[in-house]
Structures are given as C-alpha cells and as structure tokens.
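What follows is subunit A paired twice: with subunit B in the first complex and subunit C in the second.
And then the complex of A and B:
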C-alpha cells in the first residue's frame, strides 16, 4: 500500500447519547503510517470517536473502513486495532511481563510459548522496561505503566493504535519525554497512531496530521503548520490558544473592531465576523511610539515567564484580555508597569480575518 | 467534654451488644459440659464432663437417652448448602454481570429479584411444595423442592454482593483485553473473574451459611428426609438434653473453621484487590 492510501476511513459517523450528539456526521480519511493527532476540548466527542473506531461502541449511523474492509459490524476483539487508555487499564493481577504477553497468550492465533516469551522480551526492551518484568502494576511508576500499556498493544503488531489522552496522567516533565518516545517508537514500526488530546501544544508537536474536533465535527485537518498558521475558523484559532480574537464588523474592504477600522485584503469564510492576531504577532508600545498598524489601548495586568518567552496579559477598556507573547531571542522584554496603559499593535498583514463577506 | 458523657454510654452499649450476641452461645457452651446422663439443660453444673460430646459420637454406654439423629441430616444439609452455594453464586454473578448494561425492564427485574428476599419464608416453602406436588408433579425432596427454595432465597444475596463488586469494577481492563484480540469469554475468565474473585467468595459464603441453617422454607419443602435444622427442631419436641448444646458447639466451631478458610482465601486475594484500588486511584 502506498503511503498516501488511507488506513481507516469514517463515513458519516453519527453517535448520539439521548439528546446529546457526540459525533455529528463525521467523515475522515486517516493517512497510513503517520502520527495523527486529534485535538478537541473536553466534550467535543474525541473519546467517543476513538471508542467507535475501536469497536467498544457502535455508531448510530455511518460506516467504518479499516485497511480496505468494512468493520462497522465487527466486534472489538476481531478488529486488530490497538487501544491505549488514559488510565492505562493494565491488568492489576498480572506482572509487567504477563501484561505485555497477554494478547499473544490469550489470542486466537497459535503462537508457541517460546515465541511469546521472545516477542514479549523484545517489547520489554523496545519500551525500556528491563528489570521490571516481574513487578505488578502497582509497583511501577506512571511513566512505566504508560510503557507497559504501549508494549502490550504493540506486541500484537496492529496497523492502527488509538491513544486516548495517553499523556494526561503523567507529570509535565515525563510528558515531554514520552512525546518524543511515542514518535520514535511509531517511526520504527509500520503503524499509524491516532492520538487524542485536549492539549494544543501536544497535538501540534506530535502530529504529522492534526485534526480539530468540535461539538462532534471535524472542523479542520491538515499539517501542524497549516493548522497553526491558517486556522480555518475562529473556533480552531480559539483551541490553538495562540490567537487574540476580536469581534467586530466586516464591510467591503475593512474590519471595524475595538482597535478602529483596518483595511482587509483576504477573508476566510465564516458566519461570524472575527479578527484574529497571533499572540507573538501582537506587540505592546508606549504612547507616542510609531505603530506598525492599528492601535488598541490596553492596561497591563501581569506577565508569565515561560523560559524561552514571556507572555504578558493586557486588558482592554471593554475588559477583554489580550495576550502578547515576546520570544526572548528577539531581545530583552520591555518592563511594563501594572495598571499602566499601553498601546497594542500589529502588522495587519499578519492578521487573519473571518467573515461572511468575501473581500474584493 | 462531650466524650466524657458519650464514651461510657457507648461502652455500655457495645458491652450489651456483645453480651446479647455471644451470651446465648456462652451459656450453651457451658451447659454442653454438664454431667451426663442425669444432668439436664439447667444450672447449676452438677459436675464438669465431656459426656455429651462422647454421647454425640456414640462413645458412651447405652442409656435411656437416644443418640441425636443428626448424622445423615448433617451430611444432607452440607450437600444442600454446597449445591445452593454453587448455583446461587453462578446465577448471582451472571445476573449482576447482565446488570452492568442497562437493558429494557432492568429496573423491574431488579426489584423482582430483590423482593424475593422479603417474601415470607414459610409461605415460599409451602407454595413451592404445592406447586411441585399438585401442578408440576415432582416429589418433595431436600434435593428438589428444598434446593429450589434455597436457591431462590440465597440468589438475591449473591446477586447484591456481586452487583456491589461489579459497580466499582473498571470495565476498561476488559476493553483493553478485547482490543488485544482476546474474545469476551476468555476475557471474563482471565481478567474479570480473577479481579472480582473476592466478591465471589463473599457471595459463596453468604449463600452457604444462609442455606445451611435455613428453616422456614425447608419445613414444608424438604419432604421425608430432613435437613439439619429440621432434625434438631424435631428433637426439641421430646425432651431437651445437653447433647444438643454439644452439637451446637461443634457446628459453631465448624462455622468458624469455614470463616477461617474464607479469611485465608480473602487474604490471598487482598493483594490483588489492593492493586485494583491503586489503579482506580490513579484514574
């Protein structure tokens, strides 16, 4: 199969829980042998989507295809799709080694004990759990449990592994390390990872392809760069947590917002008029400085030091919070006084304008 | 300040509770060492002896007091309790497993099962006997009608125990097994069952003890051959001798032995249970 061929395909998947529509007519083509990250806020239906693909739940309507086969009516244990749970769901009564060997030992395929043991040992080495084989899950740390969960899944050599917020239960330090490791492990095996997360940084960092899920619909999918630089809707921009969004009114060739009226050259189709500027494109100026574009007066609230950059929080006259991200490689940050008023500005060419009217 | 008045009251309460719980058994225990065969079931103790224990096992010279006719009844009751235990536990586990998913009429079925505990026992026994004799045409025996009433009686207890256990059970380990290509049946055997085993033990203990000393339901349903509680009751109608007390002490010791076995088996699976708890804490 060529790389661009899809590993699984969703056709008009809908899943309802009573009055709630968890998945709303989703169609999605998942590229093969890639790291796909699915970004969505809690309640967007991302776990439902995974559970439907895994076969733990049936969709109300729609079909699921996996490796060219319709698997909609196939029970979970006949699908050959791996699943890594957020809480790991290790078998508490079995050792690390037996957890990893579980699928081979209890599966329908005839595998000799010698082969099971050697494959399980390979997996132990792949995820770096040597020496812990005889421990039980309550004797190992969260990061180690994560590795057991992964090894237990990968030993079955699935072509698709679903990961349900696999890093959510780990502390920040470990999360960063597991991110890299997950990507490395995936690249070594011919397997697609579908990783569901509520963290925009995680989804952008890990995905070869990023899909954004909102209220049961996939509202955008593409490379991390595409998603990050050109969000297709204000909702996507909001989830990315990297854009200042302003409501306003779009007319023929200008946008009227809290910062006055600015000329607009390109407009993304959207029912609501929204003006978006990335945090790191927004800059703060003192009164009287020369401005690159529109002027938005705002009061300084506080700042947050993130190591490589500083995020400063400002508040406009109508109590809207605006963030300014200053990367320290661009020079030392300015000192702002709390409560003092500054002028926020940006180059209008860097703004993204959403609106119902398409500019000429 | 508060504890100064409250503590003594609570202490007296606990003492009274323990007295009422164990008092009868202690009296019974003491009287079982009454002298025999002349000594009766009353104080004072004429002379301490183990006569009635020997009498129980037929080790005393023949006297006017007939040996307690319990040998066969005991075996019968043990067999019946064992059969009931196995059947009620299997049914209880299966029913509780079914209730993990909401199905149509789940509420009604739940109350129908639980109400079974509350139906007056004598009437159930009588009703089952009439049904068996007159409608179905089955002879009344301890292993037919009495067995059915025992299962009907103990099943709700086993069901409730298992329901409580499965309620706290995290189903994601089962889903994990399925996603590894393991069939639901094998998943139940290899994952679910080992994890709910402490609960299964409790359900078994409930069913066994409830069946072992069941009286009202068995009264009509057991037919010709009596179970142990019926046999003992039968001896009361003639005259009460301390041999019954000696027997009571023996069965109580047997129950303690049973509890010890339960405790050991529980202890073995406690480590497992701890592991589950730890994993639940993390999630």
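And then the complex of A and C:
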C-alpha cells in the first residue's frame, strides 16, 4: 500500500459547545498506513476532534472524508473506524474472549460462529493474551485491558483506529512497553493509528506524523524531527517542553532579550517576539569562562537526575526559570552550588527566533 | 498459639463488637420466629390455647380449601404484581438512569417517584377507591368520553383493583435499584458497543440488561417481600373478596386463633426464604454492590 496517500481528510471542521469553540476550522490531511500522533494540552480539543472523526459527535460545519468517501453524515458504526477509549470501556460482564468477539457477534455483518471464534483467537494471539481468554476485565491488569480494547477494535478490520490517550491509564513502566507494542501491532496490519495524547514525549516517540493542536486549531504538523527541531510557533515550542522561551523585542536583525542584544539571521513569523533555545542547547558557565554566545546570569536552584541526563533549574534576575539539560554521554555534569550565580549561554545558531518582523 | 497472644486477643475483641447486634437479632428475630414455629404446633380450642403439641392446625390449613386457595392467590398476585412492576418499572428506570443525560434531572425524577411516600400508606391505598369505584374518576372520565356506556364494575372490589393498587405502590421499589445500576454503567461502554456495530436491541440485551440485572434482582426482592406479606391493600381494595396469606393471619390473630396464625406465618416465612434465595442465585450481589 502506497505511503503518503491520504486516508482521511478534515475540511474546515468546526465544533462549538455553547460559547466554547472546541474545534476551530480544522483542516488536516492524514497519511495512510502511518502512526499519527495528535499532541495537545488538556482542553485543546483533541478528544472532541477524535469523537468527530469517530462519528460520536457531528461537526457544526465542515466535512470529513475517509478513504475517498464523505462520511460526515454516517453514524459511527458504518464508518469502519475503530475507537479505543481512554478508560478502555471494556464490557465488564463479558470474558476477554467475548469482549474481543463482540463486534463480530453483534455487528451488522453476518459471520459464522466458526469464523468468529477463529478470528477472535487470532486477535488474542496478535495482542498476546493467550491463556487469559476466560478472565473478565476485573481479573486482568491495566496493560492487558489495553490489549483487549485494541484487539476488540482491530477484529473489525478497520482502516483507521483512533486511540484516545491510550496510555494515560497505565503506569510509566508499562507505558514505555505499550508504546513499542502499539507500533509493532500497527506495523503488522494495514491500518492507520491516530493517537491522541497530552504527552510530548509520547507523541514524538510514537508518531510517524505529529500534529499539534492548540485551542481547537492544528498549529503545526510534520515529522517528529520537524516538530522537535523547528517548532513553527512559541506555542508549539512550549508544549514540547524542551525550549527555554524568552520574551523580548525584535528589531532590524537583532533580538533584545534578558540576555542582552543578539544578532538574528532568520525569523519565524509570529505575532509576538519570542526567542527560543532548547534545554539541551543551553549550557551553564562559571563567571569568567569563555561563552559561545549571549550571556544570561542566573542562580542555580536545583537539579533532577533522569538517568541519561540531568536537568538543572536556574532562575534569572526577573524570576524566570530556565532549564539546562545535560546529557551524561557528553561527560560528567558540573557541580553547581545552590543559590550561586552562573552564566547561561548557547550557540546563537541553535536558537529559534519568532517575531512579527521579517529579518532581511 | 497461647490464648494470651495479641492476635487472639484482637479476634476476641472484634468478636465482641458483634455482640450487641447478635443479641438484638436473637431477641427480636430468631426468638420470635422460633416462637411462631413452636406455637404453630400448640393445641387450639375455641376459646383457649394450650401448649400440648399437635399437628391439628397444620392439617386444618392444608385440608381447608379457603386456606390453600389463599396460598395460591398470594402466589398468583405476587407473580402478577412482580411482572407488572418490572414491565412498568424497567422502562421508567431506563429513562431515569440511562437516557436522561443530566444528573440533576435524573435526581429530580427519582425524587418525583417517591413523592407518593410523603403521604401515609393507608391513604395511598384508600385513594384508589374514589379512582376506581363505580362512580369513580376513571369510570366518569371514560363515560364522558363516550368510550363506555355503563361503568366498569370490575375496577373496584376485585382482584384487578388489588393488582392495580399494589403495582402503583410498589413499582417505585423496582425503579430505584434498577435506575441506580443503570446510572453506574459507563457511557463509553455503550458507545464502544455502538462503534463495534451493535444496534440498539443488541446493545440493550447484551450490555445494558445484563449490567442492570443486580438492580432488577434487588428490586424484585423488595417487591416480593412486601407483596407476599401484604394484607392492607387486599383488605381495602378487594371488599374482602381477595384473601391473601397476610389477610388470614390478620383474621386469625383477630379471633385469637394463635396456632393457625402461626401456621400461616411459618408458611409465609418459608415462602419468602425460598423466593429471596432464588433471586440471589440469579446474581452474586456481593460482586455488584
């Protein structure tokens, strides 16, 4: 199946709840046979978007196309789109096996019992639930419930599966394992996953394509690398939780911020002037050290050990918190004294500057 | 383990916490039931009763057409009322517990259901008389509408009026528990079933009904316990034509026939035990509540 072929397309989708606009004129083209992750903070409209695509809710305006067909007016079960609920929504009184077989047994298609049983058994094996077929949802773990929810959807052979924060209900350890597993299961089938999440790490780790949603609008979409390295706006940079953002003033090829005035060669269009530099590009220096770029004096507050890296927190004179991410493969971290002042600096080529004025 | 170990001491202590309850139940439940069983074997003469043990009262009960008839009437009315409260109550509960989206509205509706309880039981029963009578509200309305020429007499002082009265009084005990169970169903489950292609009928029979079954069982137990022991509704609305086991106990006690009253009491207790145990076999309530 050709990649990059569109599987579903949203055209100017708007959905309002009273005065609140949950989805604001969204247009989005989703590539087929990929893992698409939709990143947005809570309240950004990501669940609404998913429910509109699934058919649980109707958009006020706009059309939805799925596999070349306009499905805007089709009810949920006729769309051929699977939905995995955040809390799994398993049928509590049915066994794992019957949960998985439910769609075939009770759906509109006529399927023989023998086929139902063999397809359900295939699904049990696909998601690795052998031996648990006769348990009820109360007797299995969170990760296993997640698999049942997925298998129950996949058995209907959808071309698109919507996952509403599927890992949100799992503990951190399990989340990592399920991330890999979701990707593997998807790759074995000809199916597109649209995964909604509030976690930037999850969205970057899992998506072939990442779309960032904010206040009912998709503000950027692209590969994880594109999103991560070149956020298109300060909002995206903020969600990624990997950038120190400084307000300031952009004027004729220089940016005036708390770190002084720096020359700027390239500017991303944005109504507000913001200077962004990634945590792992920001470095701390002692007074008197040679600096690679601008100098920002800051007090050391605390640090957090993350295993492969250490995040150090600094505070500038105007009480803004700045984070420095030191990857341990680059050598041992320096010891900083709490309360002492250091100079933060970075290579200005790594900074991203947003502003209303286009640099020459 | 020695008797003085802390864990044994704690067990003894927690055991004693049960004592007041156990004492209360023995005094007011177990002892009276034992007494009823005992008295049912006493010898009854016209004006007196003595504790000589005999099977006479039991033989009298089962050889009397009137008494055995009352047993069957009780069972028949119980089944009819149970079925009607379920048929009327379930859709109402479905509406209140599941179809109404707003929690506030569903609470208001449930409160509306219990408004009749703000007045006394007897008033509620007797209020049916001016409704169902020959010149009662229903007959007058039907006549005014020209639907009937002469009043329907079977409406009052018949088995029908007892059934109508009991159904109205007890249906709320069916609605409450079912609505409660329905309200606890995760709406996502229903959406998931719909997304998997199940139609409304399938969703109802495969998901909603099984999940509400504990509520149905609790409601059925409530209704059964109350209907089987009934005597007031049948007394007030049947014109003494319908005799339930409860009515027999009342008349026998009234004429100081303690032995026969006890026999009927024992039969009623056994009947209730069987019914409740039967319902509890349908659903394991321990897992549900």
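Following the convention adopted for this analysis, the second predicted complex is superposed on the first by the 358 of 360 C-alpha atoms of A that agree within 3 Å, B and C clash if a C-alpha of one lies under 4 Å from a C-alpha of the other, contacts with A are read in each partner's own complex, and residues count from 1 in each chain.
Throughout what follows, contacts are C-beta pairs under 8 Å (C-beta built on N, C-alpha and C of every residue); 3 or more make two chains touch, one makes a residue touch a chain.
None of the values given here were measured: they were computed from a predicted structure.
Participant: After aligning the two structures on subunit A, examine subunit B and subunit C and state clash or fit.
Facilitator: clash
Participant: Which partner does A:169 reach: the first (subunit B), the second (subunit C), both, or neither?
Facilitator: first
Participant: Does subunit B (first) or subunit C (second) touch A:301, or do both, or does neither?
Facilitator: neither
Participant: Can A:92 be said to touch subunit B (first), subunit C (second), both, or neither?
Facilitator: A:92 sits against subunit B and subunit C alike.
Participant: Return first, second, both or neither, reflecting whether A:238 touches subunit B, subunit C, both chains, or no partner chain.
Facilitator: neither
Participant: Who does A:74 touch here: subunit B (first), subunit C (second), both, or neither?
Facilitator: It touches nothing on subunit B or subunit C.
Participant: State whether A:126 touches subunit B only (first), subunit C only (second), both chains, or neither.
Facilitator: So A:126 meets neither subunit B nor subunit C here.
Participant: Touching A:219, do we find subunit B (first), subunit C (second), both, or neither?
Facilitator: Neither partner.
Participant: Based on the superposed arrangement, let me know which partner A:189 touches: subunit B (first), subunit C (second), both, or neither?
Facilitator: neither
Participant: Which partner chains sit in contact with A:156 here, subunit B, subunit C, both or neither? Use first/second/both/neither.
Facilitator: both
Participant: Could you figure out whether subunit B or subunit C reaches more residues of subunit A?
Facilitator: Partner touching more subunit A residues in the overlay: B.
Participant: Please write out, lowest number first, the residues of subunit A touched by both subunit B and subunit C across the two complexes.
Facilitator: 54-56, 75-77, 81-83, 85, 87, 89-93, 102-103, 106-109, 152-153, 156
Participant: Spell out the part of subunit A that touches subunit B in their complex, as residue ranges.
Facilitator: 54-56, 75-83, 85-93, 102-103, 106-109, 136-138, 142, 145, 149, 152-153, 156, 169
Participant: Under the stated contact criterion, what part of subunit A meets subunit C in this complex?
Facilitator: Residue positions touching the partner: 54-56, 75-77, 81-83, 85, 87, 89-93, 102-103, 106-109, 152-153, 156.
Participant: Of all residues in subunit B, which touch subunit A in the complex?
Facilitator: 170, 172-173, 175-184, 186-187, 190-191, 194-195, 272, 274-276, 278-279, 282-283
Participant: List the residues on subunit C that touch subunit A in their complex, please.
Facilitator: Subunit C residues touching subunit A: 186, 188-189, 191-199, 202-203, 206-207, 210-211.
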